[in-house]
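Quick one: the structure is below, questions incoming.
Chain IDs A, B, C and D follow the sequence of writing; residue 1 opens each chain.
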């Protein structure tokens, strides 16, 4: 083990200890496979309650790219594509998973990772106004991330406006919640699980980056939205044989508010770091309300910083400066945060 | 929890307790993602040693269907299909995953789940003799399972013959080892990991059904066989963010021979059941050397049996009889085996 | 040019001379592209009349494999496959086009190229009775050919029964009419265009093998069956820029009964050959009511025959005999038929 | 027939009359199918000569989208995408054909439809410099059009630079020559067929828009570049049964320099129109060296113009002006050109 600090990302540790405890307790139970077990069902019930969507179909898959590809392929028809921020995960960092499934990602201009209802409307109006639009990929869905890849948040008003734009042009609205715990816990956040279930046709609650070993919970309030979704999940290689392992993780995270707490802890640690960054005069690339922090360092400072702390390289800022990302998580140790703040202080002199 | 016996399948329990222990011990370590961590690398080294393939590329994926689709798509060219027993998992129970990836499964007649080098040769000869073969799907690969879906085994001679047939006609040989532990531990087995690495272009070592929570280890002795396999894995939604969770599981299973023992235990329990079945005059559908047992029960007996014990329905035998499958696993409790034997005795009167 | 006789297939000549005349007459007209021109519309109207389907959507594509892939991809959902005779064109001779589009061809036992409503029912019942059917490819469509690849015909009763079986199990019924002219003109045929439009969700009227340079007319009585079919056609590379060329060919073939006559001519020539084969004691592989004739020749005779006449090799019959196919077409010259009969007489001595 | 002038596009008429003559002359010849006939072979030989590529593989397909999808799918591996001008035909007007084949179109900034070697290098350098590039779609090919969708031309130097950039980063270079005749005949053009064969891994010679009824000739100087290309063509529904129809068209176009002349005629007519536009003070959107002319009209003038002449709407210029395209072709009648010039004069007062 390195003695370096680690603030490179939010999926470096294992999982909330309560999960390991329950996995251990239940290890020798014999349950049905493929998510038909009691733990999965219990998790579903808890999520349905939180979403106020008593009939919701909920499926537990393994990872985000897999969920995105499976949901998008399930909903789109062959002639349709999916609108996304040009910085969206599906547009950039899924190695062409959506295209491998046969669909074009239609990139929209974004601001700090976000797109707006008006951007969607403008795209659709231009599309339908184009005399050749039946030679073009029809938009069939809008993909957003909450929080975005830049750690920013959609407000409830913005989400509603996206919802309205989608209804207006016959698009599905789908939200990628890989880091949803860190949105739900943010002070400025006003979008609840209930809102997501109401405004989005499909969204998923991220487990992998929010306290689980792995796993994402796909939620659709309308259980008839994707007929035979189970079989599509199987076909896409996304069906977990021992589905109870995923189900039990979500059941645990949604017991005693662990999911909420996981988010709150990460954000509390992030707040300390942000405060220190301000105090010591560091430059933010832009400010975020969640657990991802983007700052600009001069390259000399970065070199020293990098020897003491793992971070994520983001992009060059200018010839002499670089944008980096620091991330806290449900598992961030307060002592590490203190050590990081110490380091930031030292380097600021 | 039910008080019924459970012999329906081999993926109903959690995982080998040593895995949970190590997950717990290492829970707060911070490691790099996507399988680039030290646990994954340690597991790779152990597998490379056992395979005598020091340069082998080894990747850890989540489940079998996912592995099959990813490997097959990676190796085949657009005009090629994959030969498989008509009972092969990819031919029947993967919901069309291979076709969704663009490739036809070319079914071969089988015997108890097995195909032969000669069957491959015959298919290929007929194919190339056909004047229209360039209007047809060219065979590009042979898929086998070890053990097969029927619990039977390829001998080393049979495997070598398949290998030779593949070389003769320019086909890749790929072995699905979802239940490999139960092959390796079988008394009649003479195919080692080393043999698999030598005879097959690619094979995978099953974790999910052999003592892991989830996970399959894909092995190719020739590390250059699939350029950019990592990116294809990502694209297919098969890349685990916290790759260390999978790596650590395989590292554990290949420490102190746990994988071997997992197989041996299941087979010892299966042997007890097979002996009892013989003793009490039950009819085998066919005999298998591994952990899956196929028997024929009259429907009346089955009804009573089913009230006491979970089993897998296989197929109708005749109007009054049914084929069922019983399976043991690494986790089968000796007391349950005894109770099952008791039940079998009672029902035989 | 060879001085050999040619009875190898029905797409060796150009097209009905009336088509070339009209292409020449209209060559410098300037019309809108992509099938929106007046000739295409006129052809549609004629076909709608013959099908008694005034609202039918009709699109003109280039070739059969293209039509099959485009229609099947348009109608099936990702989790569905298409039932077809194991000898069906899509199952054997389209180089995996359907699988490349993501769908499995589910082969059914056939008799002389035909499948029955009961075979469909049996497959579907077994499928839905299988406890694992949601891990399997769901049948979503039945594909038939009229006439079949073996030159045989479905009767109206058989077609209706297939239609009923499809309705019973929620399947689309699709008929490949690559050689439809040779079905419509057959004495024993009782299936009209109107019947096809009524019983099938989609079918196509073959042009390429029935008197056109190229082109197939896809017909669906329900114009709302495939939303945005035009765009899917474009996406699949099947949209002809100068759509009027295809439209005008069908307009010509459906003027003055040319399509019907094309069929009648081929069948009259085929009848002469069949009569001669009987008279001279040749062995039929099986008898067909259409323009394809399957006979068994001893290999020595075949050698001589092959020096005088091009034929299609079909399959070995036994060690000393071979099955060959002879085909007439709309263009078969009576003099050639006479020469063939002469040759058959000579060889029979 | 309308009495309007037609300058909307270059695929409104039929074909060069010499083609119809030869189709008529050869109509009853019986030739082998699928492009294995003598006419196709003769056409291939002529093209090989012009390309100085005696071993080149040449295949005749039907239309451009089909060619693009088939070639790109054949050359790219699953993890690769294709770089193209963001205005490229595959990026905009093929209804997602490339994505339906599983590959992402990676858009590059363009200038009047063109991209540069340096733009390719910059993209690739940034790609390989990105720490996450193995989570991203790797560029595997560059797609260009000659002439571009905007009627502009690559010079030989520019083409060579693209070739060099491709070699540097392991990319295939592919040129879409849908309107190639209009490039070859342009005064400023210095890129010959021979240059295209030398600099591009694959390119195609457009027939549909350059004097044929339909058809595109795919040329690759290295005949081993795409193994089993024939079968892929079949699979993609792009194999013409009566291949001789396409072959004969290209054989005709490359006899007596008809292809060259077709281009020259269109450009001569275009030059007259361009001269008139300048004379009467019209505003060019930008100037092109080929048969497509882009001008800006005020909306009032456009209304009158549109009543007399069919044109292609391109895009809005500003609130009161619109960009339109006029196109000449191999078939443009000099009298129509005169009438158009007359109209332009009238409207300029």
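Annotations
Heads up, the rule we're going with is that contacts are C-beta pairs under 8 Å (C-beta built on N, C-alpha and C of every residue); 3 or more make two chains touch, one makes a residue touch a chain.
Keep in mind that what you see is a predicted model, and the values were worked out from it rather than measured.
Of the two chain pairs shown, C-D and A-D, the one joined by more C-beta contacts is C-D. Note on chain placement: the centre of subunit B and the centre of subunit D lie 51 Å apart, centres being C-alpha means.
The distance from the centre of subunit C to the centre of subunit D, with each centre set as the mean of the Cα atoms, comes to 33 Å. Inter-chain spacing, taken between the CA centroids of subunit A and subunit D, is 43 Å. Within subunit D, residues 78-79, 94-96, 100, 102, 134-136, 231-232, 234-235 each touch two or more of the remaining chains.
Viewed as a contact network, the protein chains are fully connected, with every chain touching every other.
Interface residues of subunit D, counted against subunit A in their complex, comprise 78-79, 81, 92-96, 99-100, 102-105, 131-132, 134-137, 313. Residue ranges of subunit C in contact with subunit D, taken from their complex: 1, 6, 9, 11-15, 17, 20, 23-24, 26-33, 62-70, 94-97, 100, 208-209, 213-214, 231-232, 234-242, 245, 310, 331, 333. The touching residues of subunit D, counted against subunit B in their complex, run 73-74, 77-79, 102, 134-136, 138, 227-228, 230-232, 234-235.
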